[in-house]
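Each of the next two complexes has chain A plus one more chain, namely chain B in the first and chain C in the second.
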Partner chain A sequence: MFNTSLSDGNALAALSGQLTFTDHGAFRDMARHLVASKAGRLTIDFGGVEFIDSAGLGMLLLLREEAGATGRPVVLRNAQGQVKRMFAVSRFDTLFVVEP
Partner chain B sequence: MRFDDVGPIPVTAAIANDPRDYSPGADAGGGFASPAPLLVGADDASVVIRLTTDVAYRTQPARSIVADLGQIVPLGADLAQRMETALHEALANAVIRGNLELAKPRHGGLDGYVEQEMMINRLLMQNPELSRRMVTVWVRWTETEIEISVQDEGQGYPARPGDATGDGRGLYIIRAFCDRMCANDGGRRLSMTFAR
Partner chain C sequence: MRFFKTVSNGNGSKPPPIPMMVDEHEAHTGALSERIREQDAEIARLKDIAGRWVSLAAVQQRVIETLRAEVERASSYVETHAIALSDRFKTLADTAVSQTQRADSLTKLANTVEIDGKSITLREITDLLDTALHEVVQTILASVHRSMSMVYSLDDVEKNLAMVEKCIGNIDKVTRQTTFLALNAAIEAERAGTAGAAFRVIASEVKDLSKSTKQLADDIRTHIGTMITGVRKGHAMLQEVATVDLTSNISAKDRLNELIEAMHQRDTKVGAIVGETSRAAADISGNIGTIITGMQFQDRTKQRLEHVIDTLHVLSDGLLELERQTTDLEPDTAVDTASQVEWLKMLLSRCTLGEVRERFVASLLEGQTPGSTGPEDPVGIETSGGDAEFF
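== the complex of A and B ==
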């Protein structure tokens, strides 16, 4: 469901499939990878994600809290289709760095 | 035209057409607490679908329900996407808040939600009284509108939309993605109307 990589001060996780109410465990594992890194910004690539629900949005908000505790922004990149729409409806551009 | 609020979903007729036994301890055909979703009633302007809590949680069937509905009632891509998302949220509420009667974890961050997922899996495995509670999806349509109602069998809860960042996020999403939303039966039934 996710691959993580570290490069040039950026911790990157690429997600795929769906992010819904049965994915808290896998998401927590991914979040721990990102937060444990020394990277200055934590980036999640949504290019492979085709569906997210309100629980998935909640996971991102909790990651944002954890990253914010160490002063690091969370970047949401490459959202498509339904995911892009969910970010827009939820005004995530005001809470995260949303990149195309 | 608007749909009349005709009270309860006509599941009595639906149950009469459903040959399986959902009572605790019975094997309804798919092994413990896992009968497949079943279309139990249909006419030229409505369908009724019933699922156990267990099946609704594990299969997340909004996509397949909307795809099947699209075979009967033409849906554009935009409407199908909004409908799938809203129905998914309504089913999640019906299962977790409704039939399993769980509130959101108040503390513990991601750990709190991971623990709740483990608790849900234990309930579904070990508590047939809860896992066999039904979720009923009733879809009605006219030439101009489609209404989807989702009914659970829990104690009910106050269905108040929140905002995108706090409690009530699911209802916030539903309200944003449909054209009208209303809760009935003490929060046990949520109806969402979409313009065609």
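== the complex of A and C ==
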């Protein structure tokens, strides 16, 4: 499930549940919404996400690609448990702005 | 050197008689005789004392010589064993240093492995494993990235194909209307009779055209359906490619982190132990050096003992001179060492070391030359087995 909000200089999407291959359509729509904004930072809050698979990581890489085309960083915030370990083993801290 | 005075006048003659009255002379003679007897008794007593003194001096001189020989023996004993102990301690210090070097080598050996003749530390191995794991994950991510990009593209293709299907539906509507139009035109041509012949031909052509358009639309729909089926198959295959179970990678990463941490802790502990060992070995070497330096001061002990020996020698010579002077003054003085046996036995009873007492007996009672006979001192340090023997 995705909830998005826009504020000055920041586009925030709060995710919950799981982020897997089957969610790619909805995630793509959310990503388009974020990228279409004028925000300088695109932030995704993973506080409510309990599981992410490799396809979810691929979707984040595609979002980073699209945001990078307009020179904007993608911020991954508040990852916990399995999601946090997946980000660590993938060394996402070298690709994204990872915030606790 | 003179230690006592003689009551003799020097030549052994008696004093000249003094002239007196007869009674007085007899009385005086009696008193004089009495005095002479007393003097003779005194002289005999003094001779006895001198004899005993000379005998004691002779025994004491021998005791001193025996003591001198014993001190020389002890000095030589201390010197010999001090040198031997210094050598042993030097060997011990070298062994301590070697032990530390072996501990260092062992630590390095435990922390490295030989691969193709190259020494690689365990930390480097864990780094290599971490790098290899990272490369695997990066390869998976690159594959997933491309797969999801293709999934997005197929999604777009599917959407476009859906739009094409919708367009084909519109074509079907147009075709149906055209078919109806051709049918109505054919009916109207029949009503017109001969005049409608040309119109009948056009209506027939329109009908054929509608039929062909419908056939074409059906063919396109069939192809679109095939394409959609292909896209969905590709979608499913990409899902399999993009959905990689990274659990094993996460577990491997966790185990690797635990391994690195365990090795770090082990290195820290081993380093601390080796450091303590090195410091202990350095302390041992330092203490041994101090001991060796202290043992080198054995020379001072030897010098002091030599001084004692020299003093004993002077004392011995003094006693010999005393004996000589006494016998010169009184040639009749008898040297009776046998009378000193009890005193010597008392002296020997104070000696608690068996081999020393045996040498004293040989020298003092059996008359052997001091230092020439008697049992040797035991060797106090056993050279084999590394254990010290105590006596």
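Things to note:
The definition used in the following text is that the second predicted complex is superposed on the first by the 100 of 100 C-alpha atoms of A that agree within 3 Å, B and C clash if a C-alpha of one lies under 4 Å from a C-alpha of the other, contacts with A are read in each partner's own complex, and residues count from 1 in each chain.
Following the convention adopted for this analysis, a residue touches a chain if its C-beta (ideal position, glycine included) is under 8 Å from a C-beta of that chain, and two chains touch if they have at least 3 such contacts.
For clarity, every value in this text was computed on a predicted model and none was experimentally measured.
Overlap between chain B and chain C is detected when the two structures are superposed via chain A.
When the two structures are aligned on the shared chain, A:Glu66 is found in touch with chain B, with no touch to chain C. Once the two structures are overlaid, the count of chain A residues touched is higher for B than for its counterpart among chain B and chain C. Look at A:His33: by the touch rule set out above, it reaches neither chain B nor chain C. Applying the stated contact rule after C-alpha superposition, one finds that A:Arg41 touches neither chain B nor chain C. Of the two partner chains, chain B is the only one touched by A:Gly81; chain C is not.
Between chain C and chain B, the overlap after aligning on chain A sits in one stretch of 74-82, 146-154, 308-316 or 380-388, namely 146-154.
For the contact definition in use here, the residues of chain A common to its chain B contact set and its chain C contact set are 20-21, 24-25, 28, 53-55, 57-59, 61-62, 82, 85-86, 89-91.
If you check the complex, the residues on chain A that touch chain B are 18, 20-22, 24-25, 27-28, 31, 51, 53-55, 57-59, 61-63, 65-66, 81-82, 85-86, 89-92, 95. Listed in rising order, the residues of chain A touching chain C in the complex are 20-21, 24-25, 28, 53-55, 57-59, 61-62, 82, 85-86, 88-91.
Looking at the complex, you find that chain C touches chain A at residues 133-134, 137-138, 140-141, 144-145, 147-149, 151-152, 155, 239, 242-246, 249-250, 253-254.
Listed in rising order, the residues of chain B touching chain A in the complex are 57, 60, 63, 81, 84-85, 88-89, 92, 96, 109-111, 113-114, 116-117, 164-165, 169-170, 172-173, 176-177.
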